[in-house]
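Note that subunit A is present in both complexes that follow, paired respectively with subunit B and with subunit C.
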Partner chain A sequence: MSRRIFVGVFEHEADVIEAAGASREHGFEFVDAYTPYAVHGLDRAMGLERSWLPWACLGLGAAGLGFATWLQFWTMTVAWPINVGGRPWNSLPAFVPVMFELTVLCAGVGVVITFVIARRLGPGRTPEIPNIRVTDDRFVLVLDAGASDPRVVRRVFEHCHAVTIEERDVEDRR
Partner chain B sequence: MSEHAASLRAPLIMGAKSIGQVTDDVCAPMEGRPTALWWGAFVVSFSVLLAGVAAVSYQIAVGIGTWGVNRTVGWSIAITNFVFWIGIGHAGTLISAILFLLRQRWRTSVNRAAEAMTIFAVICAAIFPLIHMGRPWFAYWVFPLPNTRGSLWVNFKSPLLWDVFAISTYFTISAVFWYVGLLPDLATVRDRIKDGARRKVFAFFSLGWNGSYRTWHHYESVYLLLAALATPLVVSVHSIVSFDFATSLIPGWHTTIFPPYFVAGAIFSGMAMVLTLMIIARKTMRLEDYVTVRHVEIMAKLVLTTGSIVGLAYATEFFIAAYSDNPYEQFVFINRAFGPFAWAYWTMVSCNVIAPQLFWFKRVRTNLAAVFVLSLFVNVGMWFERFVLIVTSLHRDYLPSSWADYTPTVIELVTLAGSFGLFFTCFLLFCRFLPVIAIGEVKAVVAHDRRALGGRG
Partner chain C sequence: MTGALALSVGVVLAPERAWANVLLAGYALTGLGLAGTFFVALTYASDATWATAFRRVPESMTRVLPAAAVVLGLLFVLHPSLYPWTLEDAAEVGGFKHLWLTTPFFLVRALLYFGVWISFAAALVRNSRRQDEDGDAAWTRRNIRLSAIFLVLFALTCFLASVDWVMSLTPHWYSTMFGVYNFAGLFQSGLATMILIVIWLRRAGPLRGVVHDDHLHDLGKLLFAFSTFWMYIWFSQYMLIWYANIPEETVYFIPRMQGAWQPLMIVNLVLNWAVPLLALMARPMKRHAGMLTKVALAVLVGRWLDLYLMILPTVSPAAPPIGPSEIGAALLTAGLFLRVFTGAFQQAAPVPVKDPFLSESLHYHS
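Presenting the complex of A and B:
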């Protein structure tokens, strides 16, 4: 199934933020925006919710901590206890450095993998780019044309100094 | 008031760039042919690396009897090199993670190169414990892998094992952090190339990045999380390296000051290495508008601060030795400063404590030639710090009958040189094939500068 979209190309970050804010006020439906760098304030203008990745990171870190605690306790006191200089088998303070390192390792690597999967990135993927210059110096705002009046969209985009405004039909992959 | 506002708003990137120009400027060195200077530097570094490979192969074939170590001085320049290289890496993480959390916008011009330096330095460091094992093909025994001998597990109560976990975590997180930062820039480079093998490589590694803002939104979150994780990590790494010494019972090593002293020293030496590399790179790659005198000056101030902390630590060690009234401790420190290795000790003090004090003067901080020379002094001084710390604490122990001298063999010195060859070879290849400056982050700074000057960003 295909759907109709509006693609507005802008030259300045201030314009794309303004256009996103105005589109939201008019009740247009955002598909996405495309920018060469992380534009601050665009998330608020588009009304994006806070990322849920910190929760994933917390969970992964807790898993790493749990694993490190179990691994050290089990190997040092259950599987093969070894007397090292008369120290107790369960020498918890000595296990702290490795517990910390494995927490950081699991949280850090885990959150990146989660991000790559969640955003459908992956080695060798073909990028879907609305305008080849978005990774260089252009800002693009993409709206769903279904529910909005084309004339109103044009007027809003032109008011925000859009360089080009196009209507396109794209494959719907939602 | 208006003067204040003007100085606060002084742009970080010179030349009033548009964001398209940033892409062009940073990608220019990758797209042209390498300069004669690059080739010259590469040939020298690579030759030194090959000499190092030959020396390492020889000592693996013959055994570590090729070193100058003996029963008294059992640890010497292999571990000196290890601690030195790990320390060099620390400035990269300071710039990429700690300064990110502190919202220091100037970091964007140097963070990519500094993070690359971290990764290469950790690789150089990891080589030395591997060789020291004597049988490096059993290196995987340091990991707690199930095996047919029991399973017999590694000893989690040993600081040497903590080191294994600290260094491997540090390397992995640094590499991941660097790659995540590189991702949008790889896509930028990909979209500049029409077709061919180079495009395929960049397309593969850019993971299909398309500048989607929904992705950027999560990306910012991931970057912040990695910075927040890397910050305590970098402090833990050199603390754990210092535990290798501090948890022993050797006078001169057995002190509680070691973790903060090692961390400050690591950032000190790493900053000096960043200055050495960036002063050359900005000139040879025509990045003067991005890495400005202001950047160099800020880093020189960081060298001064950490250098003074290191100086304070040297003084504290002496004070505690005197104050403790422990004759063994006192002997070690008097021997360190006035014994057979006094030359090494005073080289260290001159390079690390006295030389950086010149950075109190703005004229020195803003003179690039002077900063470059002083950064080399710090590099030399910090190598000697580890050498002094390790060898002088060991060579005259409790029994005068077992006192010994130590002279490094040619094999050890060539291995040290080879590690520098590896480091510079990696860095030169990085400069040639990847964007040396974080394009995406610099664009945000350029837009910020222009808004501050009343433009539309």
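Presenting the complex of A and C:
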């Protein structure tokens, strides 16, 4: 399946934020925004919803914590109890460092892997870059052209000092 | 005033305890002043522009350092015998410690610490205020250089001061984590204080329209992070001592984990760590002024309890004391801090009006 998109290229950070805000007011549908660095406030202008990744992070952290607790409890008291200086088998203070580290490790690494999978990134995938200069100094806003009037989109983008505006057909890989 | 009065009553009733509370008050005030200075220096040295909008708050906090020096000075001069090593036979403490822990050297070091802190804090604040007049970026550059030097000196002096003033209350005990542990509590409580003041000033007027939820969000993140840092350091100290189980090290924890001290020890961990961790984990909570206020208050009570648990068991190992001295010390600290802070804050514009980074800070998105 292919679909029609608008690609607006902007020269300044403020312009792309303005264009995103105006597009939202006009009810255009966003495909994505491409910027050479994280532009603060762009997510707000686009009206993006909060990501669900923090919840994934929390879950992964809890899983890491649970795993570390179980692993140490089971190895140290059930599977292979060792007498360390006469302490009880089940000595919680000694377990805490590993519990902490595994929580952080699972949450940190796990959330990156989750992100890569959720966004279908990773090795072997050719990135879709609408305009090569987003890797340098340009800002790009991509809209779904399906529902909107091309003339209105052009007018809005031009009003926000777009450098180029093009309509394109792309393969829909959603 | 009432605080000072109650403390004087305490001095008559139970002198040893009252002086321990003087130490608690003076050390807590020092911590707040240092946290302000450290925050200002940190933001300068790291080119952090988000905090410029409310930088006058930590700047004014630094002004409590001289007051703290007076409170601690009273203790060191009038009642040095709070420190057991002043009475013990020097040879008994042994080794390097009997060279380090001598009254004249102790006083010289205290003067040196406060000299460094007060002069750097005063210079940073003075340069920042002068910039209000001419808007010259050279003041910022000068402060960046001062901040870098201060941060190094601060690391050393803050560590040594905690060893001198608190750890040496039990001269035979030592913990290499102690300085970091004290720094963690110092910065955490300083952040909590800044959050309370910033929210209050935003509501009262001077910072209305200047400080946004984004600024609160970042302060909340820092408080959240440093609560966990504090717990990390607290536990690092505890676990090493628990694991090694050497009598000369466990001597610190034994009185603090027995009798009525034990529940306080647990409450300390709850207030300083569990409350901020759970309450501030979600993003909307870090941006919510009401929630931040509650958590910051919990952390401040926790900080007081933390210092109480460091200091008071050395004079009252049997049970946690509460009386005119304890209440007096808390009132004295709060009263003195608020009076000095409001005085200092009113001396200059509530916002560094000509700071080159102000506009960036006003439009900050976290």
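Heads up, the rule we're going with is that the second predicted complex is superposed on the first by the 173 of 174 C-alpha atoms of A that agree within 3 Å, B and C clash if a C-alpha of one lies under 4 Å from a C-alpha of the other, contacts with A are read in each partner's own complex, and residues count from 1 in each chain.
Just so we're on the same page, contacts are C-beta pairs under 8 Å (C-beta built on N, C-alpha and C of every residue); 3 or more make two chains touch, one makes a residue touch a chain.
Fair warning: this is a prediction, and the values are worked out from it, not measured in the lab.
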{"item": "Joint occupancy of subunit A by subunit B and subunit C, clash or fit", "value": "clash"}
{"item": "Partner chain(s) touched by A:Pro54 [first = subunit B, second = subunit C, both, neither]", "value": "both"}
{"item": "Contacts of A:Leu92 with subunit B and subunit C, given as first, second, both or neither", "value": "neither"}
{"item": "Partner chain(s) touched by A:Thr75 [first = subunit B, second = subunit C, both, neither]", "value": "first"}
{"item": "Which of subunit B and subunit C A:Ile117 touches, first, second, both or neither", "value": "neither"}
{"item": "Partner chain(s) touched by A:Ala62 [first = subunit B, second = subunit C, both, neither]", "value": "neither"}
{"item": "Residue contacts on subunit A - larger count, subunit B or subunit C", "value": "B"}
{"item": "Touching partner for A:Ala14 - first (subunit B), second (subunit C), both, neither", "value": "first"}
{"item": "Partner chain in contact with A:Arg44 - subunit B first, subunit C second, else both or neither", "value": "second"}
{"item": "Touching partner for A:Val152 - first (subunit B), second (subunit C), both, neither", "value": "neither"}
{"item": "Superposed model, subunit B segment overlapping subunit C, candidates 60-68, 204-212 or 294-302", "value": "294-302"}
{"item": "Those residues of subunit A which subunit B touches in one complex and subunit C touches in the other", "value": "40, 50, 54, 94, 97, 100"}
{"item": "Partner subunit A, residues of subunit C touching it in the complex", "value": "232, 235, 238-239, 242-243, 245, 281, 283, 364-366"}
{"item": "Subunit C contact footprint on subunit A (complex, rising order)", "value": "40-41, 44, 50, 54, 58, 85, 93-94, 96-97, 100"}
{"item": "For the subunit B and subunit A complex, residues of the former touching the latter", "value": "18-20, 23, 144, 150-159, 161-162, 165-166, 169, 172-173, 176-177, 180, 184, 187-188, 190-192, 203-222, 225-226, 229-230, 232-233, 236, 240, 243, 440-441, 443-444, 447, 451, 456-457"}
{"item": "Subunit B-facing residues of subunit A, complex", "value": "12-15, 32-40, 42-43, 46, 48, 50-51, 53-54, 57, 71-72, 75-76, 79-80, 82, 84, 87, 91, 94-95, 97-98, 100-102, 104-105, 107-109, 111-112, 115-116, 118-129, 132-137, 140"}
